[in-house]
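What follows is a set of notes on a single structure, which appears directly below.
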Amino acid sequence: MITQTRAARRPARVRTRLAAVAASAAAIALLAACGSGSTAGSSTSSSAAAPVAGGTYVHAIEGLVTCLDGAQQANHWNLNVIRQLVDSLVDVDPDTGEIVPWIAESWDISDDASEFTFHLVDGATFSDGTAIDADAVVANFARIAKLGAQASGASPWFSDYKDSEAVDASTVKVTFSRPNAQFLEAVANSWFGLISPADLKVKTPEQLCAGDYAGSGPFVLDNLVENQEVDLVKRTGYDSPSSLAKHEGDAYLDKLVFKEVTESSVRAGLVTSGEANSASAIAWQDEQTVAASGSLLTANQPGITETWIVNQESWLYDDEPVRQAIKYAINSQEVIDTVYGPTFSPRSSVITKTTPGYTDLSADLAFDPDKANQLLDADGWAKGSDGVRTKNGTRLSVNVIAVTTDLEILQQQLAAVGIEYKIRQLDGASYGEAQKSGDYDIIAWTMTRADPSVLAAAFASGDGALSWANAKPSDFDDVLATLQSTVDQTKRAEIAAAAQKYLIENAWAIPIVDRAWTYGLAKTSQGLRLDGETRLVFYDTSVSK
Amino acid sequence: MTGDVTSAEEARPEPEPDDTGRFRPARRGSRRLSFRLDVWTAVLSFAIVLVVLCWIVLPGLFASGSPITAVPHDRLLEPSWAHLFGTDSLGRDLFTRVVHGARTSLSAAGLAVAIGLVIGSVTGIVCGFFGGRLDAVVMRVVDVLLAIPDLLLAMALVAALGFGTVQVGVAVGVSSIASFARLSRSEARRVSASTYVEAARVGGVRPSGVLWRHVLRGSLGPVLALGALEIGSAILAVAALSFLGYGTPPPTPEWGTLISDGRNYISSAWWLTVLPGLVIMLLVLSVNRLSRLLDRQIGVRR
Amino acid sequence: MTSVLAYSGRRLLAAAFVVWAAFTVSFVILYALPSDPVQMMLARGGDASLDESAVQAVRHEYGFDRPVIVQYFARLGAAVTGDLGTSMQTGRSVLVSIGDALPQTLALAGLALAIAIVVALLVSWAATLAPFAVLRELALGLPPLGRAVPSFWLGLVLLQIFAFQLGWFPATGNTGWRSLVLPAVNLSVPVAVVLAQVMIQSFRSTWTAPFVEVLRAKGLRQFRIQVRHIMRHSLAPTLTVLGVVTGAMLAGSIVTETVFSRSGVGQLTQQAVTSQDLPVIQGVVVLSAVVFSVVNLAVDLVHPLIDPRVLSRPLGRRRPVAV
């Protein structure tokens, strides 16, 4: 058995990649400071005054909160809220990618990564007073297994779960029927956030989604106004911070308010006017004003890039030339120059540069409209009088569901090679409905996860709740399964590279851009940081005058 | 949209301003002032409407270039001589988009007025002429439709019909049927009660002939005047619905969508929201002004 | 006394009819027209599989597999007992959702109405009774201007100037009176236009009425005549348009709450239409009919107090024709 303590698990290459994240964040902050001429401090904790306890902090998030149970959903802004309500067994260092202790102070993994033994810290409690002991952790894993496909947040990382047992009061052993190499890193996310077993026993999944539970985090839910805001208050008596935390005991903030604001200009306006202490998803055009009155916190998103994934059940999957033509018709740099701004990076693979296991496939992802035209001509699609290609009377038209802001420029790029794309403007809710209906040729999707196993979540066949690609069983499943089960990091990277190559070469996944999250911070915001999965952590945050 | 409450009163000639001057010496200046103002506003309104009509028919004449092709390196430029209204987030000239958008937005408004006018006035005239139970039942339905605000009714229709320019036009049109029905009914009743129509009836002319030749012609004037007034509110209603997101999908320019696209740039690119809205406002002002002129002409002839 | 009771009774019956008819009209529009709400609703839920049996099961649960007539009476029956169905999007009771959203919109509408009345009074006075012709012409030009301005555009302009540039008011949110001001000003414009038109007409006709001549002959000062008598007599026609005005505010709140990102019935409606959440839309339409009827009922009950002649008139249409 390999004993893992605080030793680094990640290869050096990954460490430098994640260090690049921190470097870019600091660079942006410095750039913003220079640009505004002010001394807006760095994006992490202020070096000046000591944090002052108390006060209310307002953060504007970019979407509507739909569920507060991490196991049941994978939506980025929901997870940002949930992160404050529940603790995890381990944490991930954003600078190094190292797995560090949290509720589990140490752990052992079997050689074949099918057994994980966690040794819990003493004295950690849920907000209802129950101890976070082995039985509680077992209860948490058991309920996720019971949820099955409904646990759309946790189940993709939880396949082949066999059972978990409480070896003693502070030791939990989790067993999988097949090796699950990414499980340790997965557990660091709020998908596996710990909830009091008393609530797990009696509350329905809907109630848990509504936040009606006692969590393990430094904040508890105080009030939820639908489509408007979520109010959290400090939990007194909290004493189980992550080893990455900068202090101990209760959180500094008395009250933490998440305002749901879907307009980017309003979010930016809230920060510049001081009504909010920080905001998510600051758009390119607002970056300057926000940086001038405060600072920006930017992090490259790990995981699957903003990608157009082809639905295997659609006609498009059977027509390879068209898929390839779409791939070559897209000009990633133009999308960045038009819509997103320089914090984003051009595409180079189906997972982002900062994800472990990334491999550079930009050679096959170059903008090449001539090649696209050639492929379509050879496939028998002739350009009609209105510019759209037809074959045997059918127009070359793709049905894409997306909520990103780059649709018009992409539409134009496709139209340049004769592909018709009728934009369906969807908001968050209708996008979710369209997702589940399966009625699309392409789904524009992205997922944050600092591990290459994210590929399995999206592209494995079966009833996994995140497989929007509707993959049919094939040899690729074996590749993905091997990715999940390989423990050796180098081999894992090789397999991940092969998987990415397969997806790109077959144009099953057509990446668009590498996303960066940009948060805007007012001067009054101190100590806001991002964890290793680029989620917000408010535990060390305080309000300054 | 919401502004049509007293449209029938508007359709009647307004009391002359002199009525209020009874205890003040009638100032010649005031009469000349209001006359001059009247003429100038009428001329200006006519010019504006003419220009916009030309936009619909020959957009290329007023705005060269494409309204949909993105030019990334020209994005978010302020208004200048090169770009009268500035450029949007994809670098497209906003003035070009407004000019081309006239066709989309105004054809929906036109469809709306056509539906409301034709269906509404036919319903109203038939009811007003024949009276009786048909009249009672239909008018009850009309009363209920008038109890529901126009925009809300249009939105319910959009929810049922789906999103798009045609659907928006139909929805606004159907929601305006009630006002047309009411007005044309009262006009039809007035005309039907007049002596010459009675004479026609007594003289043996078939009801359909009376309806067609006399009642219709007699009621038409005020109905057309209301139609002219309704164009303005139809333009606003169509713009509101497309602003809310129920109009045609991108990249086709549509006035309401242009303004809602500009919302994200409200503090960085003011021209995206302000200028298209100004165009809408000027057009509606002009249309309303001309319709009042038309109305006064009709009122004089009566 | 019986005439008052009979009068009230008839008005109550008429109001009930309007609400029922609005329910029926919205049912016809939303449920009888072609669309497939079931697919949409299913996709919302946590169902991973969408096989035919699941679709049928939900169709049955919501009653979409019954004939339209049966659906109608079932829904009507439920509505009478206060059950307006459940939202297809959130699963919450429509009545509860509307009830939660209503206070915000009421606050907004209340302030908007107050502003509109003040503005309309000022403009109407300036347009009719002011001593300078230039002022009168200018004021007369304001209602047409207010009619022509797109409400959503005005809201954005107000936001830009007063919230983003000057920073006097917050750009969004529902807390505090300060966040209410800009939306209320935005919402008050179409209402002020309607009220101003009514008041201008009324001032003009009252100014020339015989009793005013008598008052002048008695030697009352101009200002006193204007305020105490003319304006008070404009109260009645203003009241008669109140029903339509509240309807206009409900419709206007859809746009205003969207522009200012406020929660309320307007935002609820906008989201419901975007996601084609039919029960909620029907609920709001019924609400608008209820509001319209209640306000008109209140006006009709108050009207005899102002003008007792009303009671003896036959119960015909006393509202302005196009209303």
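Per-chain residue numbering starts at 1, and chain names A, B and C are given in the order in which the chains are listed.
We take it that a residue touches a chain if its C-beta (ideal position, glycine included) is under 8 Å from a C-beta of that chain, and two chains touch if they have at least 3 such contacts.
In this text the structure is predicted, and so the values were computed from the model without any measurement.
Asks: From the C-alpha centres, identify the chain that is farthest from chain A.
Replies: Taking each chain's C-alpha mean as its centre, the farthest from chain A is B.
Asks: Kindly work out which chain lies most centrally, taking the average of its C-alpha atoms as its position.
Replies: C
Asks: Pick the pair with more C-beta contacts: A-B or B-C?
Replies: B-C
Asks: Using mean CA coordinates as chain centres, what's the gap between chain A and chain C in Å?
Replies: Result: the chain centres lie 44 Å from each other.
Asks: If you average the CA atoms of chain A and of chain B, how many Å lie between those two points?
Replies: 49
Asks: Distance from the CA centroid of chain B to that of chain C, rounded to the nearest Å?
Replies: Roughly 21 Å separates the two chain centres.
Asks: Could you tell me which residues belong to chain B and also touch two or more other chains?
Replies: Residues 245, 263, 266-267.
Asks: Pull out every residue in chain A that's touching 2 or more other chains.
Replies: Within chain A, residues 263, 269 contact more than one other chain.
Asks: Considering chain C alone, which of its residues make contact with at least two other chains?
Replies: Counting only residues that touch two or more other chains, chain C contributes 164, 274.
Asks: Which residues, counting only chain C, touch chain B once they are in their complex?
Replies: Result: residues 17-18, 21-22, 25-26, 29-30, 33, 35, 128-129, 131, 133-134, 136-137, 140, 144-154, 156-157, 159-160, 164-165, 190, 193-194, 197-198, 201, 203-205, 207-208, 216, 222, 241, 243-245, 247-248, 250-252, 254-255, 258, 269-270, 272-274, 276, 278, 281-282, 284-285, 288-289, 292-293, 320-323 of chain C touch chain B.
Asks: With touch defined as at the start, can you tell me which chain B residues reach chain C in the complex?
Replies: Listed in rising order, the residues are 1-10, 15, 17, 19-20, 22-24, 27, 29-30, 33-34, 37, 140-141, 143-153, 155-162, 179, 182-183, 186, 226, 232-233, 236, 239-240, 243-246, 256, 259-260, 262-263, 266-267, 270, 273-274, 276-277, 280-282, 284-285, 288-289.
Asks: Can you list the chain B residues touching chain A in their complex?
Replies: 68-70, 72-73, 75-76, 89-91, 245, 249-251, 263-269
Asks: Tell me, which parts of chain C touch chain A in their complex?
Replies: Where chain C meets chain A, its residues are 39-40, 42-50, 89-90, 100, 163-164, 167, 170-174, 261, 263, 267, 271, 274-275.
Asks: Using the touch definition from the top, list the residues of chain A that touch chain B in their complex.
Replies: Those in contact with chain B are residues 263-265, 268-269, 283, 285-286, 288-289, 334, 337-339, 407-409, 411-412, 422-425.
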